[in-house]
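Residue numbering begins at 1 within each chain, and the chains themselves are lettered A, B, C, D and E in the order written.
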Amino acid sequence: MNGAWLLLDLVLVPMILAAALCAVGARAQFTGIVFYIVYGLLLALAWVRLGAENVALAEAAIGAGLTGVLLLGALARLPAAAPAEPGADGSPGTALRLAAAILCAALALGLGAAVLALPEPAPGLADVAAAHLPATGLGNPVTAVLLVWRGYDTLLEVVVLLLALLGVWSLTPDPLWGGVPGPRHRTRPEGVLVFLGRVLPPAGLLVGAHVFWAGADRPGGAFQAGTILAAVWLLAIMAGLTDAPAVRGLALRLVLVGGPAVFLGVGLAGLATAGAFLGYPPDFVKPLVVLVEAALTLSIAVTLGLLVAGAPERPPR
Amino acid sequence: MTDAATLYGLCGAALVGIGLYGLIVQAPLLRKILAFNLIGSGVFLLLGAIAERAAPGRGDPVPHALIITGIVVALSATALAVALLLRLAGATGRSTLSPEPPPPAPGERNGG
Amino acid sequence: MPWVVMAVALPFAGMLLALPLGRHAHRLAWAVLPSGLAVSVLLVVQVWRGGETVAYAIGGFAPPLGIALRADGLSALLVLTTALVVCATGLFALAEFRPPSAEREARASVLFWPLLFALWGALNAAFLGGDLFNLYVALELLTLAAVPLVSLEGKPETFAAALRYLLFALLGSVLYLVGVALLYGAYGTLDIALLAGAARSEPAAWAAGALMTAGLLAKTALFPLHLWLPPAHAGAPAAASAVLSGLVVKASFYLLVRLWFDALPAVAHPEAATLLAALGTAAILFGSVLALRQERLKLAVAYSTMAQLGYLFLMFPLTGGPTEAQPWSAGAWNGGILHAISHAFAKSAMFLAAGLILEAVGHDRIAGLGGIGRALPMTVFAFGLAGLSLMGLPPSGGFIAKWLLVTTALASGQWWWAVPMLAGGLLAAGYVFRVLNPALAGADEPVALRRPVPRRRQAIPLVLALLSVLLGLLPLGPYRLLWVGRPTAAEEGLG
Amino acid sequence: MRLALDLFTVLAVSAGAFFFLAGTVGLLRFPDVLTRLHALTKADNLGLGLIVLGLLPRAEGPLAALKLLAVWLFALLAAATVAQLVARVALRRNGRSPGGSAAG
Amino acid sequence: MAEFLVAAAAFLLITVAAGLVRILQGPTAADRMMAAQLLGTGGIAVVLLLAAAAERPAAVDVALVLALLAAFAAVAFVKGATSSGSGDPELPEDDRG
């Protein structure tokens, strides 16, 4: 058994490193980004290999999906860069590069040594988590960590997401405030893009719902589902089938704050019902978690979609 | 399985180094943003290896949850950085930061 | 009522409400600011009365599986400082960030409020968090709230400043995160209190400590990682500069203190402490000299922040020094903390005062501010009072803080750390009087005010400056509070 | 029965891998972008289909089998549309990279 | 059986790794994008094989997500390649010439 897995590792790890090196070192930025997209895919494979399907789902949707699209979109909209000459555009000369390379190699080696020096047997919380899992009624320990035991992290994290969106919106030129993010996409009617935009969103809705539902007991959950929904929404926008919403809309804003607000509300209600902030009354853990996740999924989907769409560029309709 | 965990842990360490190199050396801001993402995913791989070491075969769920949180946080930061970069390029035509801090603006422009 | 929880939850609730409220968001300030201040005061009272660290297991799940919030004297004091500074800047900003008309909403006036509330919540989350990973999320929250504030006015030069700030901050937090991962791998917990019991001096802990320290230094803008700070803090709107310079950089410093004194005191090396102090010394000297050479008031104030942050790092090699000369034990530790707090008040006062001058005169070129003292006496007085604290002249919070640090340095025979502190005080006097002298002297042609500044607004920086002075006049209060839950390493030194 | 199914899996997966190999050879050896595109999309999707086919007997129940088929269907859809769109870009661009910035 | 499936996955990875070379060499952006697409399809196959080998059906969901979003990056690329950044290569007016 180990032989084949080792072979796989010995192929996969060098590929990851090669993709990363090329993403950093490729001469053209476009090439670097394509390598980064491939790198995200390879990482998703690594997560599957390590038995971390929850993470693999997130990486597949975010690392290989949204981040790549974000970077590609940005590159297409940046002004053409002048031909790169070392030093001309603020990039360091050879000596500095060498110094940086030595520093980074030393850091990587030190980090590697620290990894090798980690104690054996390795400490961890897997057993503690397994012992507490039945009390939650959930089957997926990662969901239990994210929404029950370390729900506070997750609450702050969804606030981070919303805050990033406010940050992106804060870059709107003043006359366009309240307007619509991104350009209006044009497509050939009955063309391939339109076809894709028609077929994939319903499929994505289905897959997203599946990942969301599975999340309570098997790998999946609000973040993965939200990302999938965001991706197919963006696809429908790029296919010109629908337009991004104007950011001044009250309904949109309520959807955006809805997830975090429900989470915070349930958390504060926990003060009364469970005697602790972000606590759940013993018999209602699973239904409350599913409620919070449902609200979060919607908010995350819309927030992520708008994050990638960027700052408003068109005046409100 | 522990061997695999160590291998991926070392891979994560190398990725942190590669990403940091890119962040320091590359001038175009988009490349810096990309390099930052490489460092981030290197750290996540490190955490994944730690999860696998702690509970071979099933994985420690706590680091897995931390990674998912980290991935979302990294995406948020990336989106903000990209938006800032596009706005910077739109306003000044630049897509790099010059090594010196930008010269102070004339006071008159600060009035409003 | 668990005030630790409310201190975090309330500002975030405000943030979530502010967005849908749109052009009415500024009205929310009248609810969130006072209630947040009240919660902070109640938290301080709770810690003071209880006399021990208030710990709260979120969701009822104790660490290591769950996350604990902890409020000891230090965190309570910082939460209160934050509340006071945020409330003052919030009141100050009410005049600036309100909708231009009743019908339309404007970008900056809508976004300022959720950003400010989120910043507040993030600061409290950082001061009260007891879990290293949760603190990472809090740090990111802080960054993502602070960066948009820098470029909120939409001035082109601030986009580069904000982006530079963002990149430094992201690098800092990712380095911090590497350390968190290593510590979990080595000890199987993220809880600071549990780590304190488990951590030993070994390679994984060294690597983690070094990386986390480096990351936090980048966020605290310690020399030579300071490049991002002056353009960001000087370019931001005054109300934002006040919280960025007064509070945000203190959060990462606070985490550094937590890391060294609470989580890893056994791992910290005396040589590393010396290195930190050496960098701090360089920051004091470089920052002060650069502040002296600035043409613009806000940039001078920003470089002064870089210099003043340097003092904070002198406490690392000095803790554990003899304290016979002082009425309190752990003099250096107390001195460092007090300096952070008095600088928070003084610097926010200075930035608000500089903002008022900029608003009234239309520029902030120091050379063109002759005679401004007659036009805006209250504002210039506030600037001078705050400068008193920066120089470390009695009676001020800055004086007590520096006196504690200097006497510890002398008593422990490490007189060389006293030199930069005294030199920094002289240089601070230089850059403060460089502004005050012409401002107070009668210029041939007194500056013309573009628009009058109401006294109500001028009073706000004055109150902050008075607070920084007052800190030196009622000395016993903060010390007794700081005593609560103080780590033993603060008394006995590191290593 | 079990042995026969295993044999089927081995054969189908091997055949699938062969088609991937063919696609790669095409990607590396074919002279211009359009022929490469052509070879690639056909071969690797056939390969994926064969692998899905080979794994079908090992699926736990009809729902899991359906999911496997859905994977193939999505991949086919993506490959077909992407090939079409990218070919358009390639035709128009005459072999230049998109956006002047790509050269930087 | 598991060994065979894992070995097949490793073989497949080596095969598609050649795509990395094509991304590096180009010469056209379309080449690069299509090579990434090959790696995507190969990656999906690898995930399916690993899911079967380790008997972790949840991993099939990962393949499902990868397949669903396989066209996502390419669509963004195609969009970016049009003159306005928001057009369609199938529309005549988006010809950049």
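In this section, a contact is a pair of C-beta atoms (placed from the backbone, for glycine too) under 8 Å apart; a residue touches a chain by one contact, two chains touch by 3 or more.
None of the values given here were measured: they were computed from a predicted structure.
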Reaching chain C from chain B through chains that touch each other, fewest steps: 1
Longest centre-to-centre distance from chain A, chain (CA-based): C
Greatest separation from chain E - chain, by CA centre: C
Pair sharing more residue contacts (C-beta pairs) when A-B is set against A-C: A-B
Chain with minimal offset from the mean of all protein Cα atoms: B
Between chain A and chain B, centroid-to-centroid distance (C-alpha), Å: 13
Euclidean distance of C-alpha centroids - chain A vs chain C, Å: 31
CA centroid of chain A to CA centroid of chain D, Å: 26
Chain centre separation in whole Å, for chain E relative to chain D (CA means): 9
Of all residues in chain E, the ones touching two or more other chains: 4, 19, 26, 29, 33, 35, 40, 61, 64, 68, 71, 75, 77-78, 80-81, 90
Where chain A touches two or more other chains, by residue: 5, 29-31, 47, 49, 51, 75-79, 81, 84, 111, 114-115, 118, 122-125, 129, 150, 153, 157, 160, 163-164, 167, 171, 192-193, 196, 200, 203
Shared interface positions of chain C, touching two or more other chains: 65, 133, 137, 140, 144, 147-148, 151, 159, 178, 182, 184-185, 188
Contacting chain pairs - touch in the sense defined above: A-B, A-C, A-D, A-E, B-C, D-E
List of chain E residues in touch with chain D within their complex: 1, 4-5, 8, 11-12, 15-16, 18-19, 21-22, 26-31, 33-35, 37-38, 40-42, 44-45, 48-49, 52, 57, 60-61, 63-64, 67-68, 70-71, 74-75, 77-78, 80-81, 89-90, 95-96
Residues on chain D engaged by chain E in the complex (per definition of touch): 6, 9-10, 13-14, 16-17, 20-21, 23-24, 27-28, 33, 36-37, 40-41, 44-45, 47-48, 51-52, 55, 58, 60, 64, 67-68, 70-75, 77-79, 81-83, 85-90, 92-93, 95-99, 102
Residues of chain C touching chain B in the complex: 65, 133, 137, 140, 143-144, 147-148, 151, 153, 155-157, 159-164, 166-167, 170-171, 174, 177-178, 181-182, 184-185, 188, 227, 230-231, 234-235, 294-296, 298-299, 358-359, 362-365, 368, 450
For the chain B and chain A complex, residues of the former touching the latter: 2-22, 24-28, 30-31, 33-35, 37-38, 41, 44-46, 48-55, 57-69, 71-73, 75-80, 82-87, 89, 93, 95-99
Residues on chain C engaged by chain A in the complex (per definition of touch): 2, 5, 9, 12-13, 15-17, 19-20, 22, 56-61, 64-67, 105-108, 110-111, 114-115, 118, 121, 125, 133-134, 137-138, 140-141, 144-145, 147-148, 151-152, 154, 159, 178, 182, 184-189, 202-204, 206-208, 211
